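Both of the next two complexes hold chain A, though its partner changes from chain B to chain C.
Take a look at the complex of A and B:
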């Protein structure tokens, strides 16, 4: 995606939008457009038509006491444009945009679930993340929601045993069989439920039920200080924890208008890339396991261990690094560690040559993954998927290139894309990205600037709001932080990559053989602790 | 016969892993146990997908409201004698998520726990140590398995 200069982008927007809303440039992305709730569809339609690669990144809902605010964040021309509107709290209704862009489906459902906004015309506003037995008309993200009663009664939720296996009678007549996978299932590491309707071997319908790992992190972060929140958002996901920490810290730094020292930026970049290395090795190994190639799984995870050691060497922790803070990093990089890191990366680089030839020549691996789970370029854009998934379908999108953060603007690297759009391509994109990550780390180590690694920042953050995007291993990670001038944030919104990628699975699984489902599913690199938060 | 069963359990405990609302940190470390560096299969520890064949339940996560019922059900499906290991700070007490609106806060709120392994996440060595301590405690049936 090409960088379009701000002035021309905004003037184009102004032309197209006319008198529908007022534009605030350089606010929450490239521009924020304030509109009436009635004209939301019109504006989104104009924005989508003005750029055929435009997608919905997130829909943020927030409680403005008398009203409920809604923000539609769109990615257009490689940057974010926010459309902002308000609905009354006693009658929160707005028309859906799911028919304009199908990728908005889950975003709208989440806002409906947590804030109680009714999206009129939405195909299915069923419960998404909250528990099955959650009381009706209690929306946890509203400021006036009384959660104490629910929290006090948590133990009593054990008494009810809901029958889960149902829908048996209707199936006999149609010949379709319903297979429920999860919440505890050998193929899933995480507790989620997928209800597959199959006709013989072919999958007809996939119904996901997420929310088993919903821990209410967005609400909890409103009750903790900014510094505490860094450790909380890190624990959204144990795999891409540094990305969450950087995304959150970056958003707070934007509100504070703090410039992070260059050395801290480089150290952050190295930690982020180590994160990507271990996450990609993890998923490639996991894919091997799912296609019945356990040797690949063991090999990949063996080679992942040195990366974990490097993370421990740099940050003090193997998994959850806890090395980020607002204003920089908590630990400096020791000069003595540089050769150790380089040696390990060299070893991994040599092993990658072997994996490359393995993925290119191993017939059984190709047979299980090629032409499986095909996702076309148009579908990738329509479903608003992020990260390696659209990159494997020929969409050149990478936050590191589009809107460079930390040190990525100064480091040369290549965005890996492929055009096949199948499971194989998605795995190959990740395999090639491993090489790029190693190059980025090596470049950052060679060009490490001197100077401080953190700056002091005030504990109380000035009022304001900011968005921040980070290219996590699974794709674009989006954080929105709103501060009201106290020590606690007013709203933290996290849109995780898997949440955006889930529609791709529902699309690609249809018409597939049931035996191909695991490989297809894993190639999206799903992470449900991210999705549910 | 009982001593034979105890011997078998000590020499090859089959473990079941259940994530009851964790961040994946502990879960990945549990899977890492099976991979070449830690390779717990050399001690006969085998990851078993079905609760009906498992001796030890490795639980991670702070137990969400949606998962609590399932955790209880999985525990009930396991044959006696059964042992539960709570892995990670969340599984021990709720960790950073304690007090959130969907969090019960600890595996022991739902099912009895034999061993607690704290850490966020605990290192694989710590998990091995915890499981070995639990197994050792089986040899002296009178002592409690808490570490």
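Take a look at the complex of A and C:
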């Protein structure tokens, strides 16, 4: 993605939006544009037109007591531009932008669910994360929501069967077979539901339903201190736990204007790349399982074990590393461990050569993954997908390159892209990224600076807000943190990669054979633990 | 007096050796061999706890399943649902009784003319019963799994039958015992093309990778067995395992000379069974090896492979066999 310098970006923005809003440069990304709720569509349209690679990253809803704040975070020229507006709390209506950019669909539905903003003109504002029989006027993320009422309601909503009954009736009318994948299903390791309407073996309609394991982490983090929150957001996802911790800690550091020591940045980078290594090995093995290639699955997961051991060596924990803190990392890298890490990485590197040749030459594997789940470059941009998914469709996007965080600015590496856009390409991008990750870790170990590995920061964070982006293994991870000058954050918003990638599956599954659904789905590396924060 | 002795001998042969009990334990043993080989191929240990090297694991699994509660879905076709797995299993074992395991088959020592066709027909019927058992469960997964069994079965049944005629043409006989006794030179040497194609088609018949479409658990949960549990599931599992043994036995009988082999001392029946089982294990190892090497194909890819590649090839193979038996081999054999 072409990098534009800040001044020119802001001056073009000023030109384009004219008198519609006022610009605040270098705030919440490259710039924040404050507009009226009426002109939101115009502004978004202008921003989308000015850059054909512009996508919507997230929509953050905020409770500002009298009003509800809405922030549309767009990624244009590789960096974030935030459009912020306000709607009255008693009549929270705003026009939808889903028709301008289809990727906004789920973001709007989530805000509608949790804060009760009505997006006028949205194609389907049905429940997405909350249970279907949730009361109409109870919005969990509003400040006036009574916590006891919310928890009591959650308990009573657990055994709702209403939608299933409705579905069965619909099925009788159309005569098509309805196959429900999930909430419990061997193909999904996590409880989510996709109801597929199939005609013979061809999929006609896919209806997603998430939220089965929604833990309300965004709300829960408002009741905890910043330090406790690091361990809370880390538990959003077991696989990419360090990414969440770094994204959150980074946002808080931005509010505090703390400069993290270079050594801490390098150690963070190593842990983040270890995360990527074991996450990619996991999904490649899982893909093998989904296409009935059990041997590949067993091999990949066997080779994932040493990476987990390395994480343990570095941080003391195998899975959830708990090694990040605001202002650095909690444990220093021991010099004695460096050769151990390098030996393991060398072994993995040799094995990768074997996997490369396997993926390139194994006919049955290619037959099952090539030309399956094709996602064009245009669709990848329209649906605002992130990470290896658009990279396999020829979109060169990588937060590590676009807006280097931690030590990525100083480490040379290649962004892997492919142009085929199918399941095979998505798997191959991950396979090639494994090599890059190993190189990054080796470079970081060789060029590890000396010095402190953390700085002390105050417990009470000054008032302010910040966004932070991290390239998690599954794609761009977005955190927004607002501080109100106490030890507790006012609002934490997390947009996880899978939440952004789901529309790609819904788009590519239509018209495919039911046998291709698992392979196509797993090539997005879905994580519902992430999706249901 | 003489008649009762004969009857006792027949009952012994059908129920104990080489009939039901022997087949049952051979099946469990083959299951263990398969699991162990697959595990080693995949860098795992495999069954290791029950018995030495886990050899009793399949038996333990079987006993466990029989002790479980049996649940019948309310909208299933109850009688069919209950009976189909047992009948399918019985038919498979019945077909095994016609194979000359210890030199002669369990039911009658010399078989009857055309028992080759009878055994192949039994295989077809047993597969159809598996389809019925899936369909009777009235669950979408079971129904789709059953439909896939049938679709795939239509594709490979004709090639399998054509290829089964290869030994019949070579021996100029339709009796299994005659086919075996005419293999002074095993037919694998006379018709290696038939052997290779038969193994590939068998892979589809046994529903193993790359053709294990009906049990694609990532798409169909358990396929036709989704709604089954307890003893009925045990019978479904057993049916599949006996099917593997039966398929391998067919290969042994058709191409590897059946129980033929040197008899060193003592009972000839012992040595014949030993050779038969060893050859059978070799075939099981080959099929398991293929299973580990490939990913599962899609149903349309399998059908294309069956109709466009396997069927023409098996017709060609049969033509080649007939040509060879008519003009080349008479001088050899």
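By our rule, the second predicted complex is superposed on the first by the 508 of 533 C-alpha atoms of A that agree within 3 Å, B and C clash if a C-alpha of one lies under 4 Å from a C-alpha of the other, contacts with A are read in each partner's own complex, and residues count from 1 in each chain.
The rule is simple: a contact is a pair of C-beta atoms (placed from the backbone, for glycine too) under 8 Å apart; a residue touches a chain by one contact, two chains touch by 3 or more.
All values reported here derive from a predicted model rather than from experimental measurement.
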First (chain B), second (chain C), both or neither touched by A:235: first
Partner chain in contact with A:133 - chain B first, chain C second, else both or neither: first
Which superposed partner A:408 touches (first chain B, second chain C, both, neither): neither
Partner chain(s) touched by A:226 [first = chain B, second = chain C, both, neither]: neither
Touching partner for A:291 - first (chain B), second (chain C), both, neither: second
Touched chain A residues, chain B compared with chain C: B
First, second, both or neither for A:150, with chain B first and chain C second: first
Which of chain B and chain C A:364 touches, first, second, both or neither: second
Contacts of A:355 with chain B and chain C, given as first, second, both or neither: neither
Chain B versus chain C as contact partner of A:189, first or second or both or neither: first
Chain A residues contacted in one complex by chain B, in the other by chain C: 185-186, 298, 302
Residues of chain C defined as touching chain A within the complex: 38, 41-44, 140-141, 143-144, 209-210, 212-213, 216-219, 221, 292-301
Touch list for chain A against partner chain B, complex: 130-134, 140, 147, 150-151, 154-155, 157-158, 160-162, 183-186, 189-191, 211-217, 219-220, 231-232, 235-239, 241, 282, 297-298, 301-302, 304-305, 308, 318-320, 527, 529
Chain A-facing residues of chain B, complex: 17-29, 31-32, 35-37, 49-51, 61-62, 64-70, 72, 74, 95-97, 99-104, 109-110, 120-121, 123
Touch list for chain A against partner chain C, complex: 177-179, 185-187, 201, 288-296, 298-299, 302, 362, 364-365, 367-368, 513-518
